[in-house]
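The two complexes that follow have chain A in common; it is paired with chain B in the first and with chain C in the second.
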Partner chain A sequence: MTEDRFDAIVVGAGPSGNAAAYTMAKSGLKVLQLERGEYPGSKNVQGAILYADAVEKVIPDFREDAPLERHVIEQRLWMMNEASHTGIHYRSDDFNEERPNRYTIIRAQFDKWFSRKVREAGAVVLCETTVTELVRGGRGEVIGVRTDRDGGCVLADVVVLADGVNGLVGQRAGLRTELEPDTVALAVKEMHFLPREVIDARFNLKGDEGAVIEAMGTVTDGMVGTAFLYTNRESISVGIGCLVSDFAQSQTTPYQLLERFKRHPSIGPLLAGSEVKEYAAHLIPEGGYKAVPEICGDGWVVVGDSGHFVNAIHREGSNLAMTTGRIAGETVARLKRSGAACTRANLAEYRASLDASFVMKDLRKYKDVPRFLDRTRQVFGLYPHLINQASQTWFRVDGVDKRTKEREILASFRKSRSLGGLIGDAIKLARAWR
Partner chain B sequence: MTTASAGVPAVKVEEKLFQNRYLVDAGRPHIRVRPHDTPSKALLALTHACPAGCYSLNDRGQVEISADGCLECGTCRIVCAKTGEIEWNYPRGGYGVLFKFG
Partner chain C sequence: MHIVVCIKQVPDSAQIRVHPVTNTIMRQGVPTIINPFDLFALEEALRLRDRFGGEVTVLTMGPPMAEDSLRKALTFGADRAVLLTDRCFAGSDTLATSYALAAAICKIGETWGVPDFVFTGKQTIDGDTAQVGPGIAKRLGLNQLTYVSRIVEVEPSSGRLLVQRRAEGGVQELESRLPALITMLEGTNDIRRGSLDDALRAARAEIVTWNAAAAGIADLSPCGLRGSPTVVKSVFAPKPRAEKAEQIATAGTAPDEVADAAVAEIFRRLPGLEAELLS
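Entry: the complex of A and B
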């Protein structure tokens, strides 16, 4: 390991770490980035949808050579029970634009590309190196990291913790508390390969158009969670995730739950004949605003999943990761330029910038939603079931008059959840959402 | 509403893990279960909550781990954080699961 001293050390080469390393290196800082995987991306898992806006703010011309799969023109939101789904679909030709808004990506490929940009910007990227602990100075300030490469120690003015959802480095240094099982979701995912034209035909797509499905309902077996299906060029990403606390209580294994989702009559035909090439699992921080730890201190700042920056309601994570990484990088670069030290007081600028951005605004908006969902389980089982039952009653033509059908539907809701219960749930949702 | 696995044949997680690439750090498992007589409820839960099926019960009713197929998600670490029954580290740099797609 090099004995050099760096302006900044970035722990981790995911979207947040790459955005931070790139931003600082572009500003002329001497940056070292450490990644435990064989190559950047080899330990990373995502659905994955990439939001162009967050990437553009780091690398404006990323579309020229980034490995993008399809741009998303259709979003389907499904509520499922055992045999059915009731959905809201939004598809628009407006999404076939010169600079598309959302893309599906394959993370291992995207992260490799992003890392190449980081190197080109001048950062030193060292893979196969696990950071084992933070090194502290006399006043307790962070002055560097120790790695598993011959116990080597590297020093820097600031350490950017982009070490992912488990956030082990910061947690072991006492900078944050351990994650609670009801603030993280475990997601499992498979990559299903199919010829491009088969995917085009099954989802009514042409060219690089893509469609994505987000699903909730009885598919999560009463647990708080959602499932997804995203179209890539020649593959489909399919997965399901639920709170870790729920998986710990349930007797259903994550892989059995995934299997069941894949065999749902609404999903099965979309995957038929595919070849599975990978099975992955990853945690997603879903505790929202209230689970965000301290994000900066003397000589350190936290970005991405490690800082719990995920908007679970909108399934946004990589954009919050890149935005927090970029803003942290800009803050450090600004301090460096003005000759100011990376102290807690000076780095508070990072927190202030985040507060003024969509990152904290959105997290704050939904701060009560995780608790609402945890306490209103009927959102994941009963309501999707009732809605599908109602759809069937409504659409089936069987000689029963429409007024009777309407009464039947209302009665089914009242019987399962009582009028008071229905109104109570609606009020709680409105309060948590606003 | 029916229960989770109605009509769905049980899947073998080994067949799923077989698709993946690993570089196993032979003789240096990154996760260990601390010696115990009776596992806590949290430790027992790992026998079905682990997405790679790494945890199993032996014939003495103790929980064992075989970490070779580990996906490094951290679920077990979080479930057993309070009981302290497992010792969890990332594999040494370069070892462990290697996602081709992620």
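Entry: the complex of A and C
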């Protein structure tokens, strides 16, 4: 065992771990951060969109030197079937502001930057060091971690588990159960490189403006999931993800879905002529509020993906990760300052702060949506078809009068889903959304 | 025992690409690693230290970002790291590099004790010259042992040293004396995984950073581009051959017959070759 003793040990160097380590180190705590990857970010995968608000609350002047790709000025939401998409676009010059709200980023670069900030704040960061288990004291309280290095035990007052979606450390320690396949999505993505001017022209952008597309519909083959396309400076991130339980049942592979999505007539031209340089896959915890495990105990707290803090409906994750990391860090720093121990009772402050924040409020708001989507598969097949069919009927000029067209559209809905079914789905959605 | 190990930060050759027009290596965004051959040298040095006591100092010359490789070397268990960095070293060829490194090793010797061993890898994967190690040995008057595959015996008291060296056609066993410079062959050992204490120490260690003046280099004329007589005039990709290989079928199976038939066929296809060879 090493003689070094720390105020806090952070397991993992993703957004939540970095936010926690940074916050605590800035408050003057002696912090050790352990990362199993070769460098911070080497194991991390995201779409990726960065939410400025959450970063700002950790590092207010991050815009000065963080590696950012484009700021998002246009959001497209697409409902797709095989040949078409019906969508909502929102684009605004208001997003060309001094302190833009959302950015596209490349995580390998951003995480390196974030980790440098953590080190500059005074934390000791060790890479290529895997935490194998939690060390417990006489009363079962967590007092440190064991690593896979020789002499690999190190003690601290509190262990912050930022160990990612699989939560292997917490799982091994019996603090949480194994992931359920129906609460976790498997997402794959590719990086397609294109000259900057080509991306600017294809998406009607200039300077560092960026556009993002979130899509759902028949592209997921009836499975619960979504697809995306984000513009980076000189590349496009394109990906798709569905629930693991759905993949298991359908026997479809993620890359087959992605290939099909890329070939879709609405997507293909956007990617034409690009060179693929990267392929990545990652699990996303999408169980929502009901899947959040216990998040604190004697000597430990859980932050980020490890705590299932992902708002799947709004495709938000990294901001919840940074926010939970920051709040956990603030809680620990406050306890330390007041000389209080990191017991379950004292760390309950963390849970209370989260409850009062957008993190838990949003998760609670959508707590029934996963169940709604699971039970209303029409959302991923029938409805995209009907909506696109309706769009076509409506926009095609063929000598048929508009009133007849309206009737045709209504009839098509009622024929494929009874009036009762339609109203039922609407009510279920409204309830889940509430 | 004091051992100096020279390492170099190089682009990860598994991930580099060559620019299609200029034929130069595109280093942008390519991860860097410690020259893999240097890791064999480092491990050998650490083993000697573990056996005889003493210290291992790692030394590199490069841009400030080369600090990453030094820190990595510390996580493997090296005791001290020195970064030699100065704009005046930019553009160094092997002659200028060995000049600067030799000066830094002298300074290391003055500061922490004269080294008994200087180790380098057999060559770097980006320059592939295998000249810097021998250059340092010559400048410092060290016994030079290159392509060493095994250190058989070391007697620190008498300074006797016995090593195996890979040579064409076999292995040479060489006896020599300390102080010596050894360039280590690949595959001779496996770099260790540093302990948690090593890793913690490395994360916090102050990397000793020297510019030319701090390394005691007063005369800058042998440094950098100015001190480098080697100039890369052009870089080109070898042209693929236009002709395809052909198979020559022969009747016999006895080696003599096959060879005779093959040669006869070649002479038949390339008239004039026989006369040219025999003339």
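One rule holds for everything that comes next: the second predicted complex is superposed on the first by the 431 of 434 C-alpha atoms of A that agree within 3 Å, B and C clash if a C-alpha of one lies under 4 Å from a C-alpha of the other, contacts with A are read in each partner's own complex, and residues count from 1 in each chain.
By definition in this document, a residue touches a chain if its C-beta (ideal position, glycine included) is under 8 Å from a C-beta of that chain, and two chains touch if they have at least 3 such contacts.
If you're wondering where the values come from, they're calculated on a predicted model, not measured in any experiment.
Colleague: Counting only touches as set out at the top, which of chain B and chain C does A:Arg263 meet: first, second, both, neither?
Modeller: First partner only, chain B.
Colleague: Is A:Leu271 in contact with chain B, with chain C, with both, or with neither (first, second, both, neither)?
Modeller: Touch status of A:Leu271: no partner.
Colleague: Going by the contact rule set out at the top, does A:Val125 touch chain B (first), chain C (second), both, or neither?
Modeller: The second partner, chain C, only.
Colleague: State whether A:Val135 touches chain B only (first), chain C only (second), both chains, or neither.
Modeller: Touch partners of A:Val135: none, neither chain B nor chain C.
Colleague: Output check: A:Asp4 vs chain B and chain C. Expected answer is one of first, second, both, neither. What do you get?
Modeller: Touch status of A:Asp4: second partner only.
Colleague: Give one of first, second, both or neither to describe whether A:Lys43 is in contact with chain B, with chain C, with both, or with none.
Modeller: First partner only.
Colleague: Looking at A:Thr147 after the superposition, I want to know if it touches chain B, chain C, both of them or none. Which is it: first, second, both, neither?
Modeller: In the superposition, A:Thr147 contacts both chain B and chain C.
Colleague: Does chain A have more residues touched by chain B or by chain C?
Modeller: More residues of chain A are touched by B.
Colleague: Pick one for A:Gln251: touches chain B only (first), chain C only (second), both, or neither.
Modeller: Once the two structures are laid over each other on A, A:Gln251 reaches chain B alone.
Colleague: Could you list which residues of chain A make contact with chain B in one structure and with chain C in the other?
Modeller: Common to the two interfaces on chain A: residues 128-129, 147, 149.
Colleague: Of all residues in chain C, which touch chain A in the complex?
Modeller: By the definition above, chain C touches chain A via 75, 193-200, 203-204.
Colleague: What residues of chain A sit close enough to touch chain B in their complex?
Modeller: Per the touch definition, chain A meets chain B at residues 36-38, 41-46, 48, 81-82, 106-109, 111, 127-130, 147-149, 165-166, 168, 178-181, 184, 186, 188, 190-191, 218, 221, 235, 244, 247-257, 259-260, 263, 276-283, 381, 385.
Colleague: Would you pull the chain B residues touching chain A in the complex into a rising list?
Modeller: Its residues touching chain A are 1-8, 10-11, 13, 16-17, 19-20, 23, 42, 45, 48-49, 51-53, 71-75, 77-79, 81, 89-94, 96-102.
Colleague: Okay, in this complex, where on chain A does chain C touch?
Modeller: Against chain C, the touching part of chain A is residues 2, 4, 32, 124-126, 128-129, 147, 149-154.
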